[in-house]
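Note that the chains are named A, B, C and D in the order they appear, and that numbering of residues resets to 1 at the start of each chain.
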């Protein structure tokens, strides 16, 4: 295989991060996220989001972050609203249900949640014979690579506040979203608009790690109990702190995301130019071109990628993902080879 | 503070491990534990335990390993038997109960489970108004630093088999147990005697990571579903594979454990010589001397450690822990300072 | 209000049942379903289904029966397939998810499950990042009053067997289904075609009570533990036994269902004659006429019923339910009044 | 067998209750506890407890009441403190753990909870590595027939309030406790001293049914969602309302309890007179005489009862239970036969 565009976690970590791990390795630190590196990372993130009152916690992965956050918020009979394509609905092996909660599904073509969709679900849930929707789950960028504009997020946020719903944003690919050429949101906006979110490290240059940011005071109580109970508290929590210090002490978090996006744009712009259609408009580090099955088969001889969805008997949408580690040479070579195959 | 003996996860990772992470960093690998490093680590562990039929899975921490293993085994109404001091009973924030299962507690002074204790619990559970004990949880070394001799483990194993009970061994500190001067067990013995166990990396030289070993065929089915659902499947699973390759490609796993134990013996032998008593006989990397509260207070000015238990109004047992990273100079200095304080 | 057609549980119990309760009241019996009446009811049901190997258990309600059955079958990562209108999906306040399991929803217009629908869900669930569908939930009659023909149930049953799926039939209204003028199924057929089902008493003449019938040997193990754990085991289990003896010692179960259906047909035949359309074809004790909202409002001044669904801005489908207790005079009067309102 | 003293649910219901069921049988009522009988029963109970602000809900059994109440109160990481002999700890098949919560066990000889015992457990639970005790579970009368005096309950109540603990009283046998010759508590006292309790109907003259009384406003929110989700909401909720109206419209609840106690005293006074010792002092409808095993065996030829506990190789404590239905003649005959066997 020439190159793997299957995902944004094919390689290890950004070099700065590995260097920082080496440098701090023999310092004696407290366990369980109470070390000096986690403290420093918390301080840096609070600065970036311009919210000194937020609570910050580090866990090792996205499914873990989502199940800890969601189960910590909901009472037994409360449910979470999620797009049909949402990660918690499809790709977490029922992790949310395993903590006891129903997911109310909003059908969505672009991976995004709309106020109308939330409203419809609320209208259908009238009494105690049905669950009580209490939380809205969105991801930015979404599982289909789309992003929320400031106005959209604001509308959802206001609707949630007005309807006694919490709002949680899954930021596994938040770096790529905020670095998108179409983005008009900042970390500070997000902090102001959602009750809780997490900033993804794993898919943005770290070995592992997601930073949970809790803005709503009500959701902060005893949160570490939830982390510990669900197996999310690393004994050597420093491993997460050290990495997030590197990502946020300067601009590394955004820098690596910009690189990932640039590599994706290179591919999507060229394919668009060739006449390709896309499942969703390419704006972040995931590109979903719709291709003839024959072409897909030939491409797959040299490149790693997933088939996202069958479009019809002849065509499918594939998923190409770039990352901080994607080599520009490999991208150029991919484009070159693609052109040859694309008649 | 001069030195921290609070636990065996105060430092990062053994240098070999960091080197291996650096070296493999830019290789493109499959995600979720399906990479070449995990495969190689599995092969190496199967060799060490001399059981090619075992299933090996890597997860990031001990609580996570325990809750995934235990919840994957038990039906809703089944329970797990555990010593009163057991990690799952005391120090996992109800993680096992959060997956729906009762823990049947066997009172234990030395942290170990006995056949008599299991039998008593079985006798008390007669019908469907009570849970059905189905699994025995042991740890080696235990939370009180004690270890199981081969004969003891064999007796428990045989009793479990004869009584339709599964046996799970928590090996968070298995390295230290097997490297104990009193140990007569091998990894191969353990594989032959328990249905499932895990080999602790976090407390034995790794940044994080535990290797779950499933020997009983019945317990293997769809195990990866459980890991994913409980948030235990790292996207960059290579991080765990690379580390366990280092630990088991030669003898590093045992080497670092031997160092930890030697540092502990140095302390315990000297304290015994001075006339100290211990909560449990020191045989692994945890030492529990019983000291005057006054002495404890003075010691705590210079050293980090936990108070394990109040013995009486004047005396308490403290816990001193050593690790692969414990410096011999720091141990010597500790002993020197201890002698000055100890009348 | 002249009369209530809101549901089939507005009245108490059939007179025979009350008489039997009175008669047996002072007999001293074992508790928890181990009494002579439960034993006798089990024998009678086994005779009716012609399956002496079945296990029979009595619980107090439908949600309870469903949650006990489903949670007893599924491993943590397994899911249940259900029609979008299914009771467990909509009207049990997330009871199934509260036991830890995802419901995979099959969109359905008539409340029924199809083999194509199951197949589509199976095709979408490929690996351990998704739940593993393991059980199919159907109800007969369905929440929309429709019923399964023998050929349909056979096809579903065979598909399930061929695809390692269990099949559970919710029989809250099984009496009405089997007494339908379109029915060609027998209790014996059902026993042969599903792994587990329950026979509804609450909506068919009893004060309360559902009889769970387990046909598949694999699902029988320790079932009483599940009942007890979920709070479904009545101390005075005799209360359920006595009632099911009455329902099945002769033909009372079918007799009361036939009466309910006849009352429903009287209404639906007349409304059809008047030109009404229905949400689903009326074949059991639930009738869903589509009416002008204005008419609905007038009807609601004198009659109790629910609005099932908005059809468009002018029309809605209402739900009229009859039961063993529905008085023919009240039905006649309803029809008479309806005619006056229906221009 | 001459007579069964095995429990207080061997017979059906008090005649007044059956009469009321017959009388109300054909009234059309709302389902799910929203009928006129439940409303009237709520009103009557509020009067008896002199607390118009309480919320009252009816469910069918004690395990169900406990699991609904406890799971509705606790957050995921919170636990409930219970005596070692407590019903939720021993005889509910892990129902509480199945809702995700640990039970912290206080060793108890008499079935009662003490402030010292609670305090010890609180002291042992320091941080997020352990569950957070948040609720104290007591039963009155206890599983060993003992009762709480007003002063004791007050002390526990005050301690709980001062330590941010909720207090729940399981009143499965509350009738017998309040009718005890040693009792100095009233229903009104209990309402003032606990956050939530339930009044047992099943063991005090009803066919089935427990009345949950929520005094603490914080615990009232959306409680019906919990009942429905856990399968505790009967479609024909009237069945519970009708019965509690009978129990509380005059004095029936206390009357039947007094009879049960009188029958128990007759036995215990006579046995004490003969020189028998008891496991606990007999004050309610459960009597635990300690007898020679030989005598027990002979008694068991004619009488139904359980062996509570082995005392030594020769002696065991048995449990004799009386109820509203216990016939005085049978008690007299029992005493007569007992005397003959007792040397």
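Worth a mention:
FYI, a residue touches a chain if its C-beta (ideal position, glycine included) is under 8 Å from a C-beta of that chain, and two chains touch if they have at least 3 such contacts.
Quantities reported herein were computed from a predicted structural model and do not represent experimental measurements.
Here C-D and A-D were compared by C-beta pairs in contact; the pair with more is C-D.
In this assembly, D is the chain whose CA centroid lies farthest from the centroid of subunit A. With each centre defined as the average position of its C-alpha atoms, the distance from subunit C to subunit D rounds to 34 Å. Measuring from the averaged C-alpha position of subunit A to that of subunit D gives a distance of 51 Å. For subunit B, residues that reach two or more other chains under the stated contact definition are 76-77, 92-94, 98-100, 128-129, 131, 225, 228-229, 233. Chain contact summary for the complex, subunit C toward subunit D: residues 3-4, 6-7, 9-13, 15, 18, 21-22, 24-31, 60-64, 67-68, 92-95, 98, 202-203, 207-208, 225, 228-236, 238-239, 304, 325. Those residues of subunit A lying in contact with subunit D across their complex are 32, 71-72, 75-77, 99-100, 128-129, 131-132, 222, 224-229, 233. Across the complex, subunit A meets subunit C through its residues 76-77, 79, 90-94, 97-103, 105, 128-131.
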